[in-house]
Amino acid sequence: MIKIQEEDFNSEDEINKIKKLHSNIGAVSSFIGYVRDENNSKEVTSINLEVYQEMAYKQFEKIINKANLKWKLEDSLIIHRYGKLEVNSKIVLVACFSKHRKDSFESCNFIMDYLKKEAPFWKNEFYADKNEWLVNSN
Amino acid sequence: MIKIQEEDFNSEDEINKIKKLHSNIGAVSSFIGYVRDENNSKEVTSINLEVYQEMAYKQFEKIINKANLKWKLEDSLIIHRYGKLEVNSKIVLVACFSKHRKDSFESCNFIMDYLKKEAPFWKNEFYADKNEWLVNSN
Amino acid sequence: MKIKYFAWIKDITNLEEEEINSNRIKNLDELKIFIIEKYPNLNKHMKKEVLRFAINQEYVIKNINLSDNDEIAIFPPVSGG
Amino acid sequence: MKIKYFAWIKDITNLEEEEINSNRIKNLDELKIFIIEKYPNLNKHMKKEVLRFAINQEYVIKNINLSDNDEIAIFPPVSGG
């Protein structure tokens, strides 16, 4: 499942909704990314996250398809927020569902790697006195 | 934080409780293990999970200390249940909190590896007509 | 064809998107030339190869033919996740 | 000293824990001999090295001296997580 939304999400509920569909899932590996109060030694007050929605859906589908070719997954979930996000807000949730741990673990990392490099989102970081567009380093 | 308990847990709430304490956390990697409906080609109805509590606390503390030496973590969480657990129940949650993704990701996997090999828990798996003690293979 | 701009590219174009239809633009390289003429301040970024191009929501690196109903996006390196 | 048994070891000892105090038991190897004499059905598992030992909640592999207030646990390979 892929969701691109402004609203916050509840990771327990979102993971449960998918887990419920499969009684053979033994492993869920997940990653949550948050807005930090500090970046590159500057105090962050909030970010504005811009998205190219149509492309983001398409790219997320592609990466999930790739992950399914490499690992045995029962299901997968990407939720990526956009818009104005305060410090401590969740930005992204990636969760991978499999029978065994290795598949969920490796695919979750793979999806995050790809997402950081290719998902069409742009962070505009706000500091006390100015703002700045970021570039992902990893 | 280490919790060994019979009750279920809400991963969103448990992660939030720790996240709230640190505004410099950008990354939370977590793993949830569940009771599957099938194992070694047998249909599972439930498990009974036995624990040596005093030792489990001690071993979890040791592994968290080891993880802190290897990675830059802001915090970490292990919740492990025991007792009678039905199919689809959560068994374990491991969550690692860090500034950057690599630390949370690798330490979460490290803790799970160690937990599987050394944490003093024993699964007694129930099938329609019998029950069997398990041994971790990975 | 529809051109979309994202992040700080919009600060240079002062537009989020626009419709461009010119006989001169038959492929991506020709579009790049057209864009630089229209927005000279994009030239230095184009030269440094910091701009990314997507055609119909797919990344494109090499030159490629364009048709009138293509959606072309021009944006800086991404920073999601 | 207190001896604790877990998982299917309990099905052989019919006990979860017991207090053993004997002048014969000064180290782990002597305890193992004592346990096998008391529970002959544990012998084959001891020989196959499937049993794990913990003294005061720490894994022990080699022989080690024991004192009266030690807590020794005997259990099969773990299967948590």
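By written order: A, B, C and D. Residues from 1 in each chain.
Basically, a contact is a pair of C-beta atoms (placed from the backbone, for glycine too) under 8 Å apart; a residue touches a chain by one contact, two chains touch by 3 or more.
Being a predicted model, the structure only gives us computed values, none of them experimental.
*Asks:* Tell me the fewest steps from chain A to chain D, where a step is a jump to a chain it touches.
*Replies:* Counted as steps through touching chains, the separation is 2.
*Asks:* Look at all chain centres (mean of CA atoms) and spot the one farthest from the centre of chain A.
*Replies:* Using the mean of the C-alpha atoms as each chain's centre, the farthest one from chain A is D.
*Asks:* Using mean C-alpha positions as chain centres, tell me how far chain B is from chain D in Å, no decimals.
*Replies:* Centre-to-centre distance between chain B and chain D: 26 Å.
*Asks:* Taking the mean of the CA coordinates per chain, how far is chain C from chain D in Å?
*Replies:* Chain centres of chain C and chain D, defined by C-alpha means, are spaced 72 Å apart.
*Asks:* Starting from the mean Cα coordinates of chain A and chain B, work out the distance between those two points in Å.
*Replies:* One centre to the other, that is 22 Å.
*Asks:* Could you pull out the residues of chain A that touch at least 2 other chains?
*Replies:* 33, 112
*Asks:* At which residue positions does chain C touch at least two other chains?
*Replies:* Chain C, residues with two or more chain partners: not present.
*Asks:* With touch defined as at the top, which chains are paired up in contact here?
*Replies:* Inter-chain contacts occur between A-B, A-C, B-D.
*Asks:* Would you mind writing out the residues of chain B in touch with chain D in their complex?
*Replies:* Residues 33, 49-52, 54-56, 58-59, 80, 91-92, 112, 115-124, 133-136 of chain B touch chain D in their complex.
*Asks:* Please name which positions on chain C make contact with chain A in the complex.
*Replies:* Within the complex, chain C touches chain A at residues 4, 6-8, 54, 57-59, 71, 73, 75-81.
*Asks:* Give the list of chain B residues in touch with chain A in this complex.
*Replies:* By the definition above, chain B touches chain A via 10-13, 15, 19-20, 23-38, 87-88, 99-102, 104-105, 108-109, 112, 138.
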